[in-house]
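As structure tokens, here come the structures.
Common to both upcoming complexes is subunit A, partnered first by subunit B, then by subunit C.
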Partner chain A sequence: MAWTRKILRVDLNNGTCTAEALNMAWAKDYLGQRGLATKYLSEEVDPKCDALGPDNKLIMTTGPLTGTMASTGGRYSVVTKSPLTGLVACSNSGGFIGAEMKNAGWDMIIFEGKSAQPVYLYVENDTAELRPADDLWGKSVWEADELLHKKHQDPLLRVACIGRAAEQGCLYSAVVNDLHRAAGRSGVGTVMASKNLKAVAIRGTKGVGNIRDPQGFMAAVNAGKQVLADNAVTGQGLPTYGTQVLMNVINGIGAMPTRNMREVQFDGASKISGEAMHEPRKSDGKPNLTTNAGCFGCTIACGRISTVDRGHFSVENKPEYWGNSGGLEYEAAWALGSDTGVDDLDAITYVNFLCNEDGMDPISFGATVAAAMELFQEGAITTEHTGGIDLSFDRADTLVKLAELTAKGEGFGKDIGLGSKRLCEKYGRPELSMTVKSQEFPAYDPRGIQGMGLAYATSNRGACHLRGYTVASEVLGIPVKTDPLATEGKAELVKAFQDATAAVDSSGLCVFTTFAWSMENIAPQVDAACDGDWSVDKMLEVGERIWNLERDFNMRAGMTADQDTLPKRLLKDAATVGPAKGRVNDLDKMLPEYYALRGWTADGQITPETRTRFRL
Partner chain B sequence: MQRALHIDPKKCTGCLQCEMACSYEKDGVFNPSKSRIKVFTFHHEGRFAPYTCTQCAEAWCQKACPVEAIQIDAATGAKVIVDARCVGCKVCTIACPFGTVNYNSVTGKVIKCDLCGGDPACASACPTAAITYVDADWTGIDKMRAYAEQSLAGTA
Partner chain C sequence: MRIRLELYASLMGYLPAGSDRHASTCDLPDGSTAHVLLDRYGVPRDKAHLVLRNGVFLHQEQRDAQPLADGDVIAVWPPVAGG
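Right, the complex of A and B next:
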């Protein structure tokens, strides 16, 4: 079983919480988490609805392995229609809240409607109720978390919460859980705020059981743990340096988007790298990194726990930021650092704290600041717009100021909260927005890693590295090394990564396991836990079905295939330095083949045959 | 040779594999809320600390129990709850200075670490060797070795 087979439906219009049975027929086709919640969204929500209106729904969802001993089995996702992209949003988070939800006996929580007053959901096993949150509204995630723990006199309570950024309408707001883990992308927190839902506080004591074949499951789990421990990336690289192990690697191959993606290498990369986080500071002799940390059940433990130098300008006289908290991961370090030109490790660590404290996606925030900096350089934005702030590239003080303003929705921070696309449109230079389908790019320049260009252009949630991470193959040689500058074979590679990732994201496991695990390691764990056939082939079929379902939702929402593209800069302006010098992204060489492999028409429509094949 | 659980908090990542292993071993479900070992997160300090029963030689829980429901496992030295005798009076939870004996409201009995009869599941599950099961008379040997190494460096 592994599923609890129960859904909690929360009607925010009427303030009611109702239990219902999980649709097991759908579970057999979509497994759980990303896939299954997207199925519910697709069936229950009009894709054309206003993402921030009462007709949108917000789904918090676990996978069948969430809460089990499978390594990394603590993942949960937030699925809704995105206010940033207008498309399906599915943001995945670790930490502990997902496992707690499962321990309380729920596979999924569906929020519908909109509360008249601020509320939070309190769940204690079978009991669930909406409670007033007037005292929490206007508070940061960290403050609200502390208040909820005090209110319930329960140190074991797990909390997922939105910050002030979401309340103020920042379009890339996150749902933050366990203080510094986040369902980060696509503005899922903004949707939560639009429903007047401040937090979800859960306490579960039932345990996760009903494993179909307990002995087989533990054997598969232990074998999987051993593979992760023996692998150089998951056993050494990630625990030691976190995802920040990539900073110097990606910079070296000339695929480090820099200063709003105008350049492909950052001269300050080594100063904000994973290695730099280990270097003792001059002031107190301590490194930026205190320790690594694991999410629920994770035997990789790539998480960073860091401090900011107390003498640094950003935290001077602010003792509340002197303690440890969630440190920089590669995407955040890149967006806050390289993309803005800031090479000040303490400044970007502090800004990362603020992103956690008030629930902002650091990728979209950093990339929007980068766009603003280019608009400023081009004269489209002036100090009159910014309230006197000098938006020059490379300025750490500007980055810090903008983070403080955006977190609270104040001053020019309101504009930064629009995201790169809307900001660049507002100031009359839409071509300067480095986005796909209105979502900002992550940290891999597709001129230097060709397959990623196709992955970005076709991602169902806009520019994103987590929908098909061909970097694994093109840079790291996992599972096989491919030439990052070649386009041949990339359509097939992208499709394979997209389908496999959709299946992993539906299981309750973390996609980082796939640095070491193939589906041959994952399927046996799912199969031993769950009723039904969960062979490698079935998992990949489910992944492909999910991909098509997401595409279908997006098309019904009004997306057109001409949006399967990249900003002109990446298609026309060649890289000027590094191994990719002289290259643009050759998307047009990959996209037609990709459509054909997907069973879509030459103009990107899902064919009736493909629809039938996947029972869409 | 008698063995003891040895905990090195510096190696702990807070992943809770130990809590799941414990609850699975004892109750057949993955349920951190019923684990006999707990991992504490000290967020501002950036530290994690697994904590469980140290199996006191002179066990206050055992002395406090009015129905002799806490017995010594001769092979491991563990203080073990005999469920058939335990009446759930909770006096042992008060007597234990470390808080490592706790009441389970589902069963109406108390629970504590019993070293899994000599093969503790938490130690097997720990991915970083923060929890090990070592010679009970030499739990300090790693620390001694580290300091010995330091003193060696001083003489070089």
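Right, the complex of A and C next:
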């Protein structure tokens, strides 16, 4: 089984919590987590609904391997309609709350309606109830987490929470769990705030014992763990340097989006890299990085725990930020650093703390600041708009100030909370927004990594690296090296990554395992845990079905295929330095082949045959 | 010819004392390849997963066969990944 076969349905209108059976027919088609919750969303929510209205639903969901002995089996996702993109949102997080939810006996929690007053959900195994959260509203994630632990007198309570950014309507607000982990992208926290739901606090002690073939499962799990341990990336590289090791790599190949993606290399990259996080500071001799950290059940442990130099201007006289806290991952370091031109490691670490403290997606926040900086440089935004703040590129003090304002929804921070697209539209320069389908880009310039251009353009949640990470192949040689500047074969590569990722995201496992694992390592673990056939082919079929379901939801929400594109800057303005010098992204050479491989029409519509094939 | 070698992540330990954060410069005979350069610094070939010549990936066979040119930058990483 592995599924608990139980859903908790929380009606926020009436304040009720009801248990119901998981739809096992759907589970056999969509596995769990991302796929299965998207199926529920697709069936229960009108895709055209107001994302911040009571008709939208918010689903917290685990996979069948969440909470088991499988390595990295601690993942959970938050699925809803996004207020940032107007499309399906699925944001995945690690930490411990996913496993706790499963150990409490729930596969999924569906929130519907809107509470009249601020509330939080308290779950202790089979018992679930909504409780008043008036004392939590207006508090940061960290404050609310502490208050909940004191209130319940339970150090093992796990909390997922929104911060002040979400309450203030920041459109890329995250749901933060376990203080430093986040369902970060697409504004899932903003939806939670719109329902007056401040937090979910869970204690589960039941265990996950419902494994179909326990002996076979442990054999598959142990074999998988050995592969992770023996692999140089998952066994050594990620624990030591984290994802931040990519800073110098991506800069080296000339695919580092810099200063709102105007440039493709950042001269300050080495100062904010994973290696730099290991270097002792001159002031106190301590490095930025204190230690690595692992999520539930993880044998990789890529997480970063860091400190900021106590003498740094950002934390001067703020002792509450002097301790260890969640450190920089590559995407955050890029968005807060290279994309704004800031090469001050302490400043971007502090801003990353603030993103955790008040629940902001650091990618969208940094990219929106970068857009604001270009608008300022172009004269579209002036100090009259900003309340006197100089928004010049490269200014660490500006980045810090904007983070403090946006976290609380104050002053010009309100505008930064709009996200890049709405900000650029407001100030009359929509072409300066570096977004796809209203979501900000992550840290790979598609002029230097051609396949990522197609992955971004076709991603079902807007610009995103985690929907099809062809960087693995095009740059890192995993599983095989392909030429990042070539377009041939990239349509097939993108589709393969998208489908496989959708399956992994539905299992309860972390996608970072795929730096070492193929589906040949993953399918046996799922198969031993779950009823039914979970062969490699079945997993890939499920992944492709999920991709089509997400596409179908988006089309019904009003998305059109002409949104499968990139900003003109990336299609028209060639890179000026590095190996990609002279290149734009050649999306038009890849997109038609991609549509054909997907079984879609030449204008991007899902064909009746494809619908039949996947039972959509 | 003068070549700049950049070593990253766990390979940084192969840089000579006194190098800056990632780089060292050396003179090599004309016609030298990336592998000759790595041997000069004692970098094990099997640990050199990503080898970029002026930002462009060198495949295994190119590391033995492709002569470097004066002013080249060779950047090397062990197996790494992120996301």
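Here is the rule we go by: the second predicted complex is superposed on the first by the 616 of 616 C-alpha atoms of A that agree within 3 Å, B and C clash if a C-alpha of one lies under 4 Å from a C-alpha of the other, contacts with A are read in each partner's own complex, and residues count from 1 in each chain.
We adopt the following convention: a contact is a pair of C-beta atoms (placed from the backbone, for glycine too) under 8 Å apart; a residue touches a chain by one contact, two chains touch by 3 or more.
As the structure is a prediction and not an experimental result, all values here were calculated from the model.
Of the two partner chains placed by superposition, only subunit B is touched by A:Asn292; subunit C is not. With both structures placed on the common chain, the touch criterion links A:Ala232 to subunit C but leaves subunit B unconnected. Of the two partner chains placed by the overlay, neither subunit B nor subunit C lies in contact with A:Ala133.
Of the two partner chains placed by the overlay, only subunit B lies in contact with A:Gly204; subunit C stays clear of it.
Contacts of A:His465 after superposition: subunit C is touched, whereas subunit B is not reached. In the superposed model, A:Met277 makes contact with neither subunit B nor subunit C.
Residues 67-69, 71, 96, 99, 103, 156, 179, 204-209, 214, 218, 225, 229, 239, 290-299, 301, 303, 305-307, 323-325 of subunit A touch subunit B in their complex. Every residue of subunit A that touches subunit C in the complex is listed here, in rising order: 231-233, 236-238, 240-246, 248-249, 252-254, 270, 274-276, 279, 329-331, 465-466, 469, 471-472, 475-478, 481, 483-484, 511-512, 515, 578-579.
Those residues of subunit C that touch subunit A in the complex are listed here as 6, 8-10, 12, 21-22, 49-50, 52, 54-57, 59, 75, 77-83. Contacts from subunit B toward subunit A in the complex involve residues 13-17, 20-21, 23-24, 27-34, 43-48, 125, 127-128.
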